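Before we start, here is the structure in question, set down as structure tokens.
Chain IDs A, B, C, D, E, F, G and H follow the sequence of writing; residue 1 opens each chain.
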Amino acid sequence: MNIESVKKLLKEVKNGNVSVDEGAEKLSDLPFKDLGYALIDNHREIRVGYPEVIYCEGKTVEQVKGIIEFMNTRDNNILATRAAREMYEAVKETCPNAYYNELARTITVRKNDMKLTDTYIAVVTAGTSDLPVAEEVAVTAEIFGNRVERISDVGVAGIHRLFSKLDLITGAKVVVAVAGMEGALASVIGGLVDKPVIAVPTSVGYGANFGGLSALLSMLNSCSSGTSVVNIDNGFGAGYLASMINKL
Amino acid sequence: MNIESVKKLLKEVKNGNVSVDEGAEKLSDLPFKDLGYALIDNHREIRVGYPEVIYCEGKTVEQVKGIIEFMNTRDNNILATRAAREMYEAVKETCPNAYYNELARTITVRKNDMKLTDTYIAVVTAGTSDLPVAEEVAVTAEIFGNRVERISDVGVAGIHRLFSKLDLITGAKVVVAVAGMEGALASVIGGLVDKPVIAVPTSVGYGANFGGLSALLSMLNSCSSGTSVVNIDNGFGAGYLASMINKL
Amino acid sequence: MNIESVKKLLKEVKNGNVSVDEGAEKLSDLPFKDLGYALIDNHREIRVGYPEVIYCEGKTVEQVKGIIEFMNTRDNNILATRAAREMYEAVKETCPNAYYNELARTITVRKNDMKLTDTYIAVVTAGTSDLPVAEEVAVTAEIFGNRVERISDVGVAGIHRLFSKLDLITGAKVVVAVAGMEGALASVIGGLVDKPVIAVPTSVGYGANFGGLSALLSMLNSCSSGTSVVNIDNGFGAGYLASMINKL
Amino acid sequence: MNIESVKKLLKEVKNGNVSVDEGAEKLSDLPFKDLGYALIDNHREIRVGYPEVIYCEGKTVEQVKGIIEFMNTRDNNILATRAAREMYEAVKETCPNAYYNELARTITVRKNDMKLTDTYIAVVTAGTSDLPVAEEVAVTAEIFGNRVERISDVGVAGIHRLFSKLDLITGAKVVVAVAGMEGALASVIGGLVDKPVIAVPTSVGYGANFGGLSALLSMLNSCSSGTSVVNIDNGFGAGYLASMINKL
Amino acid sequence: MNIESVKKLLKEVKNGNVSVDEGAEKLSDLPFKDLGYALIDNHREIRVGYPEVIYCEGKTVEQVKGIIEFMNTRDNNILATRAAREMYEAVKETCPNAYYNELARTITVRKNDMKLTDTYIAVVTAGTSDLPVAEEVAVTAEIFGNRVERISDVGVAGIHRLFSKLDLITGAKVVVAVAGMEGALASVIGGLVDKPVIAVPTSVGYGANFGGLSALLSMLNSCSSGTSVVNIDNGFGAGYLASMINKL
Amino acid sequence: MNIESVKKLLKEVKNGNVSVDEGAEKLSDLPFKDLGYALIDNHREIRVGYPEVIYCEGKTVEQVKGIIEFMNTRDNNILATRAAREMYEAVKETCPNAYYNELARTITVRKNDMKLTDTYIAVVTAGTSDLPVAEEVAVTAEIFGNRVERISDVGVAGIHRLFSKLDLITGAKVVVAVAGMEGALASVIGGLVDKPVIAVPTSVGYGANFGGLSALLSMLNSCSSGTSVVNIDNGFGAGYLASMINKL
Amino acid sequence: MNIESVKKLLKEVKNGNVSVDEGAEKLSDLPFKDLGYALIDNHREIRVGYPEVIYCEGKTVEQVKGIIEFMNTRDNNILATRAAREMYEAVKETCPNAYYNELARTITVRKNDMKLTDTYIAVVTAGTSDLPVAEEVAVTAEIFGNRVERISDVGVAGIHRLFSKLDLITGAKVVVAVAGMEGALASVIGGLVDKPVIAVPTSVGYGANFGGLSALLSMLNSCSSGTSVVNIDNGFGAGYLASMINKL
Amino acid sequence: MNIESVKKLLKEVKNGNVSVDEGAEKLSDLPFKDLGYALIDNHREIRVGYPEVIYCEGKTVEQVKGIIEFMNTRDNNILATRAAREMYEAVKETCPNAYYNELARTITVRKNDMKLTDTYIAVVTAGTSDLPVAEEVAVTAEIFGNRVERISDVGVAGIHRLFSKLDLITGAKVVVAVAGMEGALASVIGGLVDKPVIAVPTSVGYGANFGGLSALLSMLNSCSSGTSVVNIDNGFGAGYLASMINKL
């Protein structure tokens, strides 16, 4: 594809507009772009409105503070996940516009007002204990510029609650189903809507739940088509993927 | 409790109606009854209408044939589970009134017409592949004298099918929910009815189903109360327990 | 079944007693009832004598206090499971008639005196370490209006202890067997009584116990018929199911 | 939403155009639609160009033949997965336009020429042993009307093969990554493209592969965002979901 | 066997030496003894020199103190396992002759001087981290009256250490091999001695050790005959069994 | 220990009775003995009455035939385990005194009449499906010269059967408990006798039995002291160990 | 690194020796080399004496035959692993110099006589059942030009056998330890030699061996330093790695 | 091999230069050496420049301090792994030249300046969270005298980072790849270099990571040849083995 730009450069070398040394240097850069690394760069680099993302678990308060302080000198929104409140307290000192979502354990800094998508992502939770993971989904999707509808506590133990919200769910472009215990919610929703369903197993439950394994296996074995699964408690991953699909 | 019968025996010994040797022999039998072993005997022995049960897996055709031939000399119904067709062929030679249920892989011999219960057991299956296990549940419950209603293929992938049968399900005294894959059916039914639900995970499915483990964990972690679980594919166990509860 | 009420409504529309708009609104409500959601409502709604149940794990002290304070304005008994003592201390401030069961970790509030069942539930434990789970079974069953007999420390390591209590166990309408370690108690009881046995594996034990997995697998593989299993340490679930069966 | 059609029916009852009995019967059907079951019906029913899908595993040759013979009387395309060659031989007798894909183990019958999508799905495989699953993905996506590009044998053991196909992969609207063994392909692709990646773990491998568990865990734990996972070897599920996303 | 004592009693009833009521009462006691419960009683009851055993895990300091205080009024040795130091501090207040083994976490009270066995038990450990479990084995065996030889830190990473102690090991009547990590010690000893080897897997190790599972599986799969296994970290169980065998 | 024989040899070298070369050769043999390898040799070598043991799984018919043919030229009894019938047919051609135990799948050749032990080993089985493993235990123990008592089908589902055989069990010097499913038999026996109990989990069962894992975990977690465990289905291992203990 | 060759090419373009189109084409190739893909090519490409490797599992007889027939037109040695005998029969038709190793299940074709290494690889096996995997190690190492010493049946159940071969083992440059069951051999060797030890767990064993998991975990948890592990039964992988190390 | 020294000794005994007693004593020492135990001694003993290694986990501060204090009286370098900072504080009191690496959690004492190897070990990490394990690899390899190159944060989520360091990686004699989550780094590197790759799975990750199991299985199933695996988080083991290979 970049063959044209290579030819153009070679002509400039031939013409003497570009020296051999300069040409060699430029070409040594090219491979990354020829191989599509520009995609990676797009993926990683900070374009207007794209948030910078920091995964805080395993980082010290000082590290998180330093990273956000640096990022704050640029124009992009910032998202920090799995952040403890003391991290937020430290961040706020030098970044007063930071916001902490206690439930989702996220720090966000909004530097620009991204236009939200017309279509929306439905984030559906089975029980109140699944809310922290669901909120991480929602916060992630929102800072990436998506409209989000939260539908909570509609687990299958009282399935009429789910039906009363069905219009809202089926109106979404993509659905994220967050559930622990036996994770049946994902299957039931998958059987009711014809949109992609991203299932997030949570570690909520006890006994033979085995840290979310029960919900994970349930969701992988869902008898409903159109469902795929992310890692246990991985709200960020589901929100990121839902954003990708919602923006297609 | 049997203290009276012991006293009576002792009196007969005292009176000489029973010799010391006879008395000793009789008393050596008693302990079993004193300890409640009569219950076990009731449990195991053949009372009118109670079927004899043979678990055929791991037995030879000859053994199964011999056992049923012997049992057929008595007055009780007979149930053989996990029976191969060739076992039935052999049994039929000496026991022409034997009946083979291909789906449930059971051989039954009806020697007397048990009056069926007024209340009934609902045996509900998620998909057609769960039918063999469900049929083992139903055959077991029926030969124990229960009225059974079969409700098939009402898995959550098309939940409206389940709702169209809800009256039949909620009318039962006890419900057996048979499902493989993610086993969500048990949770959904548990959330809709206020009767005991016996969940039977099946080994139906593939991939990360792990021989029924997925459905088993789902059912154990059900967010619906009133549900308990038997072993994977254990149709007989569920049918036996459902019969116990239905006859309470 | 509700077809009669539908017909009645239609007649009232025909007669002009009910306007078309009113009729449409009422009919849009009906499905929930037609589909048996009244059952769910029964299941969830507060009828006289039915306790409200709160699962406290993962809730804050303030939340638990607030929920019980609100519930206390109504006439029903209240049951809160997995409650820490400090939750109770907070609840007591505004709800002085609350009672805390240290062993079962339950808070209960009795608002009315439910007549107990004639039949009773036997709650049998293998060892003293299984008592907290067993007590959760018992407290749950009692606040649902069941008579309960506790039979403790009769594990199979000293099986004569079990036999000395056999009359009390066999007299029950349903038996709950609570055991950790190798969970053999459930099988032994299942072989001795002809009543439904609900087995509760506990996480008691060490080494290759794997958090209750050992007892769970044992109970699922019980060679005794008439036994089913709930999740590890799930005393509430067993108590709820036992109550259902005891009241049949 | 259907409130209008309800009003219309009520008016016809009022006017006497529809009798009370007829009206009641019609209304008893409505709930399914009011609850959004029309969605399910759309989902399940046969619209022009939507294939009928039969999962053949666990079905007999006769059953598969019968189902397809019946479906063939209608106008829709037909897809049968996990079909043995002898099933195809039987189907061909009454349905000569049936086609068998040996690799994917699918039977397809094309009754109409669906216009393919402009955008395409990239189906990428790590090794030649993953091809059967990948082909099931592709056949599924194609019969649902999607353009598909197959990119095979580009596993990370020789990563330059992957890079030589990167343009084709990044040009897709959605990517399906099929890999067994350590399943690293999904992570590498997820790090190179900014499109949704559906990861399909396969059971290919040996030793501590544990029937695909190794690839499954790898994919769930992918350090690349934008990736979700379906069940082991579940080519149909991935193809169905990819089609959903591609058509958004 | 007790048939003679039954006959004797019956004769006394016949002769009038024993009344019918007395006879009935005595006979109602017999079953326990006839069934071998005397064995259980022997097993549990306190004969001279047999220690009382308390498993402290899950008990409060007060409970442990109370139990030992009561037992101390009798003449038997006392062994408490898994005892925290604070338990010992409390016990010492009322039982000054109590002794605490920090390593084994045992409290022992010696009330009488049991003659030690002539034969001895070899307790062999792989590494220093296995010493706490090994010490529990040794303390248990000693308070049951066995001579014990401790052979420590002879793991297979430096197998010449093991060989230098081989005479001591082969001289034992029974060998207890305590090892974590890969548990190879049990196999190597099993291949070198012709005495029963009791293998105790410990939870020592990290990474894919999985809480002792690695050593447990190793020991169960030992290619050496004459080896059997107890639960992970179960020093008491191994010591108790070794004592049984040593006293045969 | 062998220091005396070394000195004696050195003296003979000094005296010239043994040449330097001969002496060096002899000494090069010694280390094995000095390190206790004589024990190994004793362990492995063929003393009168000790059987030679061949594990047939994974060997060809020809190999098994050849090995036994060679062994038959010596004076020892022979035991081949996991032997298929066709192996026996081949062996019989050149070794007519070979005997095949269909149930245990063992080939034995008795060359001398070993005097049986006075004490005996009790081999107890839960169900008829456990008999093959139990028979391997018994055959192994017998060919090693032990008296064996078989007690079959006394599983806990009908515990009175076990009690009727209790005298026979408690009379043994060592008990082998063979059980599949939930493996409760080992715990119950361990609670009733004060002899070492060797528990053999079998792979008998289905569903969540997981190839014997259920029984294995049960037995490892037994609440009864004095019990240890061998590998799943390892009848030979249990028989060998029981023989060791019985001969102490 | 290749910057010089880029400069040289640019100069030739400048000089007109190479046209712009030719230059562009050549440069489009370069990235692969600049990124080190030449390494991969070296790794994969066929240099004199390096064998071509075919993994036969999952391939048809025809495919294997075709691949080898094609490869045979070149000058390199050929190695096919996991080959069935019928594959060999087919290959031999067109490639008469092919050789089949029944034990290792390999087909090899030697086209040139590679000089063997001076140093050697010791391939050590625990039991005879591990020989097929060990032979795959040896055949792989040999066709890659390594001298190999096979040391068989020296498992720890008779550890003196291992010691008698210790000189041969410690003389190697790298040791491959092949063992199933409890896999203790790797640890014992790791404790005796100061060379890299590659441990190959095999699926040999039964019961709680779980398809090689037992040996795998043992080897990963080895208390001996200098040991690393390859996949279960992966003889080729171990042979390939041993060759790499031996040639350093 | 030592046969010559044995002959020499025997001659001296014969000549009377060595008395019989002296000769016997010397010979009783020989076995250890004849059996290659000198190798073990070499392996364990302290040669100039070889560090002493202490594994601190499970040891008290006092123990670590005491061991290092003692070792410090000798001339060798010292390495303590898994050391807490307070251990270092204590060590420093009597050993002021001790150095603490916070990240690797190692204490090192350099007593002599070992000449570093010419070849180097590349220690490559996927993410920043893997650094502690990677640093343990590096510190271990360095104190054993190896030159080490650290290449960090080059995980496959941004694969161009890896390529920019490829020259450095391919220049190494042996590569250690440290990665958590899905562990794909090891496979990608294994496909790019033709040097031995030691893969270290880390417990970094969450959800279905299962404490490093995900990365462990990935690495064992790597489709790239030339890769082997050590235990989860076992940085020391990888560093030790890399040193062995680097010095070949």
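As a convention for this text, a residue touches a chain if its C-beta (ideal position, glycine included) is under 8 Å from a C-beta of that chain, and two chains touch if they have at least 3 such contacts.
For clarity, every value in this text was computed on a predicted model and none was experimentally measured.
Chemist: Tell me, which chains sit next to both subunit B and subunit H?
Modeler: Both-contact set = A, D, E, F.
Chemist: Tell me, which chains sit next to both subunit D and subunit H?
Modeler: Chains that touch both subunit D and subunit H, as defined above, are A, G.
Chemist: Let me check something: if the centre of a chain is the mean of its CA atoms, which chain is farthest from subunit A?
Modeler: F
Chemist: What's the chain with its C-alpha centre farthest out from subunit C?
Modeler: Taking each chain's C-alpha mean as its centre, the farthest from subunit C is G.
Chemist: Could you work out which pair in D-H, B-F or A-B copies the interface of B-D, where over half of the contact pairs coincide by residue number?
Modeler: So the equivalent interface, with over half the same contact pairs, is B-F.
Chemist: Between subunit A and subunit E, tell me the centre distance in angstrom, where each centre is the average of that chain's C-alpha atoms.
Modeler: 56
Chemist: How many angstrom lie between the CA centroids of subunit F and subunit G, rounded to a whole number?
Modeler: 39
Chemist: Need the CA-centroid distance for the pair subunit C / subunit G, whole Å please.
Modeler: Taking the average C-alpha coordinate of subunit C and of subunit G, the gap between them is 60 Å.
Chemist: Of all residues in subunit H, which are in touch with two or more distinct other chains?
Modeler: 35, 40, 158-159, 163, 191-192, 207-209, 213, 216, 220-221, 225, 231-232 - these are the residues of subunit H that touch more than one other chain.
Chemist: Give the pairs of chains that touch; include all such pairs.
Modeler: By the stated definition, chains touch in these pairs: A-B, A-C, A-D, A-G, A-H, B-C, B-D, B-E, B-F, C-D, C-E, C-F, D-G, D-H, E-F, E-G, E-H, F-G, F-H, G-H.
Chemist: Over in the complex, which subunit H residues touch subunit D? Could you list them?
Modeler: Per the touch definition, subunit H meets subunit D at residues 126-127, 155-159, 181-184, 187-188, 190-192, 205, 207-210, 213-215, 217-225.
Chemist: Quick one: in the complex, what on subunit E touches subunit C?
Modeler: 32, 37, 40, 44, 57-58, 201, 203, 212-213, 216, 231-234
Chemist: For the complex, give me every residue of subunit E touching subunit H.
Modeler: 129, 158-160, 163, 204, 206-209
Chemist: Sort out for me which residues of subunit H touch subunit F in the complex.
Modeler: Per the stated touch rule, the residues are 3, 6-7, 10-11, 13-14, 16, 20-21, 23-24, 27-28, 30-31, 34-35.
Chemist: Report the residues of subunit C in contact with subunit B in the complex, numbered from low to high.
Modeler: Touching subunit B: residues 1, 35-36, 39-40, 42-43, 163, 166-167, 170, 173-174, 191-196, 198, 216, 220-221, 225-232, 236-238, 240-241, 244-245, 248 of subunit C.
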